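Each structure below appears as C-alpha cells.
Okay, so subunit A shows up in both of these, paired with subunit B first and subunit C after.
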Partner chain A sequence: MANALKITKNTEESVREFLKILLEKRKVKGVFTLKKIGKNGAVTYSLITKSDELNDAVPFYPLMPTNAGKLLSRITRNGSTTEPVAVIVKPCELRAFIELVKREQGHFENLYIISSTCGGVYPLKTATDGTIEKNLSDYWDAVKKGEINQDLRPACTACTEFTPYGADITVDLIGNTELEKKCFLLLNTKKGEELVQDMKGELVDRDFDKEKLKKFYAKREKAKNQFFNENTKINGLDDLIKIFGRCIGCHGCSKVCPICYCTLCMFDSSNLEYKPSKYESEVRQRGGLKIPPGTIYYHLGRLTHVGISCVGCGSCEDVCPVNIPLTLIFKKVGESMQQIFEYIPGKNITEKIPLVTYNEEEYTEIEG
Partner chain B sequence: MNRKIGVYICECGPNIAEKIDIDKVIEAVTSLNDIVTVERYKLLCSEAGKNYLTEQIKKHSLTHLVVAACSPRDHQLTFMEVCENAKINPYLFQLANIREQCAWVTDNKEEATKKAIRLTKAAIARVRCHSPLEKKEIESNPDILIIGGGIAGIEASLQLAHSNRKIYLVEKNSFLGGLIKNFEKKYPEMQPCSASILQKIETIKKISNIKIFTDSEVQEILGFFGNFEVKVKNKKEKDIESFNVGAVVFATGSSLFDINKNPQYGYGKFDNVLTSLEFEQMNLSKKIVLKNNKTPKSVAIIYCVGRTDKGYCSEICCMYSIKFVRYLKDNIPDIKIVNFYSDLCIPGKSHQKFYEQTQGENIDFIRAENIDITKKGEQLNISYDDETNRKKNCIVDMVILSPALEPSVDAAKLAEFTGVPLGDGDFFAEEHEKLNPVSTSTQGVFIAGCAQGPKSISDTIIQAEAVTGKILSSLIPGKKIEPEVKVSQISESFCIGCKTCLDICSYGAITFDEMNKISVVNEVICRGCGNCVAACPSGAITLKHFTFNQIYEELKEAVQ
Partner chain C sequence: MKKDDIFLPKILTFLCNWCSYAGADLAGTSRLQYPASILPVRVMCSSRVDPLLILRAFLNGFDGVLVTGCHLGDCHYQEGNYYTRRRFVMLKKVFDSLGLESDRLRLSWVSAAEGQKYAKVATEFTQKIRELGENSSKNKIFL
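== the complex of A and B ==
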C-alpha cells in the first residue's frame, strides 16, 4: 500500500507548490508556515490564504523566530479554526502545541499538521547579522548526510527528538540524499492521505532510511551527553547565584517559552512585588540584597512549572540578553523529571500530564 | 489596622511547664510589634481558663489572639469558640503547638524552649496576616435518596421514615428485598428469614413518606451535602423523575464472584454443581434434589471459592456454609456432608457454638487445597490436597460452591458519576476505615451494607442504623448547613483556563465557566484541602486562611 507522495523536484520547492495547490484546490483555506521578510535571512511565521503569498514561504528554514506551538495556541486557544488550515511546523513546535492542547490552550480540529525530520535551527542572531544565509548550503549538505550542523542552537545539537509525533504528513529530510531532486511526503494519518489525494506526484511505498536515522540519533545522543556533562559543573546554591545572578529580570525567557502559557505571570504581577518590610527583613538577615531580588526564585519557579513539559526547543536561551545557559539547565532538569514519570512531552495527545495523573500504586518508595 | 495581639502560654499542668522555660518564651516575644500582653496560665482549655481568656480579650481590647499550647486537633475549636464569645473573629486566632511537637518530643529543656520560642513567634507572624472570615449558612433539604432496596436500604428507609422527611428508595429490580429474599433462615439462631424481610417490605410500602422506585436506576447526582439534585430513570417506562435530597445512601449490596473464572470447579459443565445462592433457592422451594429428581445421598460444600482471585475473605461464607449443613441435615437426616475449607472464619460470641453444634455424624470438615472437580458416572469426584499435601479423592452426588462476595456491578457506575472513590476490592471506600466507616469522602454521601464490603445481615443492619444516626445528627430539618469557611478562591485575571484544577480536585468542587474560560470554585463543596492551589500553574488559586503570605511569614519565623 502506498504510504507516501513522491514529487520529483527540490524538496522545499515541492512542498511550497504542494501548499499552493492545497489553497488553489480549496483543500485548505489557510497555510501556516515560515515566510521570508527581507534579505538577511529574517523569517516569520505567517498565516497565508492567497497562493501568491506562498512564493516567499520557506517551510523548512532553519530558524525558529518563535516556537510555533505558542503561536498555534494563540490562534486556536478560544476554539478551533472554522476553516481547514495546513500547518508546517518543526517536531518540537508540534510537541509544544500538543502540550498546550492538553492544557486547553489550543485546538487541533481543522488543522492539517505537516512536519519533518528536523536538522535543527540556528540562533536568532544569525538572522540579524546575515550569517544564516551563508550557512544554508552547508546546512542542507549536513542534513542530507545525516550529520550534525555546526553553530546550531545548543538545544538542537543535543536534540534526540527530531522525528515528529502526531503529524499527518512528515517530510523526509534527514538522510534523504536526493533532497534537491526528490521530495517525499510520508502519510501518517487518514487526514494526511486525504490531503494528498488528486495532488501532483506519485503515490509510492516509502519509509525513512531507518539505518541513517539510527546513526543520526547516536550522534545526537553523544552530543547530548557531552552537553549535559557541562551541567555537572553547576553545583549548589552558590553556582545558581553565580548563573542566575546576572539575570536582569526581563522575563524574556518566559515570554518565548511555549510551555509558559499563563496570560498574566505571577512573577510579573504585583503579588510578588517586594514590600518595603520585606526588603528590610531580607536585608536584616543577609546584610545585603540583589536588586531586583528574587531572580533565582523566578528561574526555579519556572523550572518546576515547565520542566515536566519542556520540549527543549532552546528559545529561552536564544533570547537571553545575558547568555544564561538556560537550555542546559531546563533541558537537563526537564528530561530528568520526564524520565521519572516516563513522560515524553507532546508525544501523545491522549496522555494526560503527570500532575493530573493519579495511580493508587506509584512512587511508593517516596511515600511517607 | 491597629493590631492588639494577646499571647497566652498554657502550662498544660506539668506537660508544658516542666519541659519548657515558659518565662523565657514570654521574655522573647513580649517586645515584638503589636503585642499588648503575654501571660502564662495553668490550663487554658479548662472552664476557668476559657473564662480567663474571654476576660483578657475584653480587658485589653485584643484584636488578635495567639495561644501557645497543644495540637490544633485538641483545642483549636475550643479557643475559636472563646474568640467568638469575646466578639473577635475566630479566624484572627492562631494556636502554636508547643506540646506534641515540642515539650513531648525531647528531654532537653533548653532546646525545647528555643523551639517553643520559634513556634510562638511563627504563630504571631502568621496571625498578623490573618483576615477575618465569615461563616455562611445554606438551606438544607432533609430528604434522603437511598440506592438499593436490599436489607441495608430497607432498614435505613424504615429508620429514617419517622423523622419527618421524605425517603426516595431506588431499586434496580422489580422487587424489594435483595439477596436476603432467597434465604430460608438466618444463622446462627436459625430463625425464618424471608418471612421477616417480607414483613419489612409490607411495612415500608405502607409508609406514605417513603417513595419506592422499582426497575429504576439513578442517572445523575449533582450538588452537595444538603442539596443534591437527583435524576432517576425507570428502566421499563423510560421516564425520568427529578427531585432534590440532602443526603444519599449507597446500599448497592454485593453479588457473587463469577465462578466461570475458576473452571476447576466444573460449574456450568457438570450437573449438580450449584452456587450457594442456587442452593438457597433450592432449599427455599423445599426440594433439595439432584438433576434427575433423586435425593442426594452425599454433598460437598466448597468454601473460599474465588478468595485467592479477590484477595480478601468474604466474612460470611463459612457461616452460611455451616448453615447449609443444618438445612441439609434437617431435610435429609442420613445425608453425608463433606466441608472443604481453606480457613474457617467463625468469629463472634455465638458463631463458635453454632459451628460446634453443627458437627456430628456424617459431617466432615477437611482442610484442603487445589480442589478439582470431575465427573464420575452420575456422581462428582473431588480431587484435593489434604493438610499433609497428599492427593486425595472424594465422591459425592452434589457440590455446593460458596463463592466470594464482590461489589454489585452498579457500584462502579455510581462511583464514576458521583466521584465517590472505590477502595479495596472495588467496594466503596469509607472516609476512614475505623473512625468514619459509613461516611465517604463526599460529604452527605454514606455507605451501608455490602456496598462497603462483605458483611452479615446483622452487620448490615448495624451499618444502616449508623448511617441513620449520621444523617439524623447532621441533616436536621430547618437547620442550616455551615459549609467550610477555609475554601479556595480563583482569581479571574490569573486563571488561564487550563483545567488542571478540575482534574486535581477530589471533591468535584471546581467547574469550568466555558463563557469566560476560567475555573470556578463551588464554595459549598470545597473542603479546603489546598491541592488545587499547589497544582495551579498560574498561581490563580488561593486558599483562605492558608494564603501564600500567611504561610511565608509563619515559615520565615519558624526557620529563622
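== the complex of A and C ==
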C-alpha cells in the first residue's frame, strides 16, 4: 500500500506548492507556517488564508521565533478551529501542543498536522544579526548527511526526540540525500491520506531510512551525554546561587515556555510581591538580601510546575538576557523527573500527565 | 559542640484536616511527648500542598518539611493522597538532581487514631534533622 507522496522537486518548494494547492482546492481554509517578513532571517509564524501569501512561506526554516505549540494553543484554546487548518510545526512544538491539549489549552480537531524529522534550529540572535542566512547551506548539507550542525541551540544539539509523534504527515528531511530533487511526505494517519488525495505527485511506498535515523540518534545521544556531563555540575544551594544569582527577574523564560500557560502566573501575582516591610524583615533575618529577591524560588518553582512536561525546546535559554543555562537545568532535571514515571511528554495524547493520575501500588518506599 | 546539643530544628508540618490533624490532636490529648520543633499548618487535604509551598519553606530556612495525610485509600476526597505521593516523589527527584538535601523532606500517613504514630514521626524526624544540622539556606542572602 502506498504510504507516501513523492513530489519530484526541491523539498521546501514542493511543500510550499502542496500547501498552495491545499488552499486552492479548499481542502483547508488556512495554513499555519513560518513565513519570511524581511531579509536576513526575519521570519515569523503566520496563519495564512490567501495562497499568494504562501510565496514567502519557509516551512522548514531552522528558527523557532516562538514555540508553535504555544501559538496553536492560543488559536484553539476555546475550541477547535471552525475551518480546517494545515499546520507545519517542528517535532518539539508538536509535543508541546499535545501537552497543552492534555491541559485543555488547545484542540486537535480540524488541524492537519504536518511535521518533519528535525535537524534543530539556530538561536534567535542569529536571526537578528543575520548570520543565519549564511549558515543555511551548511545546515541543509548537514541535514542531508545526517550530521549534527554547529552553532545550533544547545537544546537542539542534545535533542534525541527529532521524529514527530502523532503528525498526520511527516516530511522526510534527515538523511534524505536528495532534498533538492525529491520530497517525500509520509502519511501516518487517515487524515493525512485524505489530505493528499488528488494532489500533484506520485503515491509511493516509502519509509524513513531507519538505519540513518538510528545513526543520527546515536550521534545526538552522544552529544546529549556530553552536554549533560561536561557542563558544570549543580550540587547544592551554592551552585544554584552562582547560576541564578544573575537572574534579573524578567520572567521572560516563563513567557516563552510553551508549558507555562497560566494567564496570571503565581510569580507575577501580588501573592509573592515583596512589600517594603518584607524587605526589611528578610534583611533583619538573613543579614542581607539579593534584590530582586526570590530568583531561585522562581526557577525551582517553575521547574516543579512544568518540568514534568518540559519538551526541551530551549526557548527559555534563547530569550534569557543574562544567559542562564536553563536548557541544561530544565532538560536534565525534567528528564530525570519524566524517567521516574516513564513519561515522554507529548508522545501520546491518550497518556495522562503523571501528576494527575496514579496507581494504588507504587512508590511505597517514599512514605516514612 | 554545645550549640549542637541544644539545636532545636524548625520543622514545618502540613497536617490534613481529616486524619493527621485529628491524629496530632489525639497525641496532645493523650499527653504524648514530642519535640517542640513542629510548626503545624492545617490544610484540607495533603494534596493541597503545592510543591511551591515546600520549596518556599525550604528556601526560607525551615530545617525540615513534613507532609502528613490520611492513609492511602482513606482520603476524605477519595484519592487526594495518591496525587500527593506522586508529587512528593517528583519533588524529591528535583532536590536530588540539584544536590539539595532531600532528606529534609518527609511524607507520612497518620490517621486520626494514630496519636502514637504522630508523636513517633515527629520525634524521629526531629532527630534526623538534628543529625543533618541547620538548613544552610537560612543564612544565604542571594536566594
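One rule holds for everything that comes next: the second predicted complex is superposed on the first by the 363 of 368 C-alpha atoms of A that agree within 3 Å, B and C clash if a C-alpha of one lies under 4 Å from a C-alpha of the other, contacts with A are read in each partner's own complex, and residues count from 1 in each chain.
In this section, a contact is a pair of C-beta atoms (placed from the backbone, for glycine too) under 8 Å apart; a residue touches a chain by one contact, two chains touch by 3 or more.
Worth saying up front: this structure is predicted, and the values here are computed from it rather than measured.
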Joint occupancy of subunit A by subunit B and subunit C, clash or fit: clash
Touching partner for A:104 - first (subunit B), second (subunit C), both, neither: first
First, second, both or neither for A:43, with subunit B first and subunit C second: neither
In the superposition, subunit B vs subunit C on subunit A residues touched: C
Touching partner for A:295 - first (subunit B), second (subunit C), both, neither: second
Touching partner for A:247 - first (subunit B), second (subunit C), both, neither: neither
First (subunit B), second (subunit C), both or neither touched by A:333: second
First, second, both or neither for A:354, with subunit B first and subunit C second: second
First, second, both or neither for A:237, with subunit B first and subunit C second: second
First, second, both or neither for A:159, with subunit B first and subunit C second: neither
First (subunit B), second (subunit C), both or neither touched by A:263: first
Location of subunit B clashes with subunit C - one stretch out of 272-280, 398-406 or 524-532: 524-532
Subunit A positions touched by subunit B in one structure and by subunit C in the second: 266, 285, 305, 355-356
Subunit B residues within the subunit A interface of the complex: 493-494, 496-500, 503-504, 517, 535, 537-539, 548, 556, 560
For the subunit A and subunit C complex, residues of the former touching the latter: 233-237, 239-241, 245, 266, 285-290, 293-297, 300-301, 303-305, 307-308, 329, 332-333, 336-337, 340-341, 354-356, 358, 360, 362-363, 366-368
Contact set on subunit A toward subunit B in their complex: 78, 103-105, 261-266, 269, 271, 281, 285, 305, 352-353, 355-356
Touch list for subunit C against partner subunit A, complex: 51-52, 55-56, 59, 61, 72-73, 79, 82-83, 85-94, 96-100, 106-109, 136-143
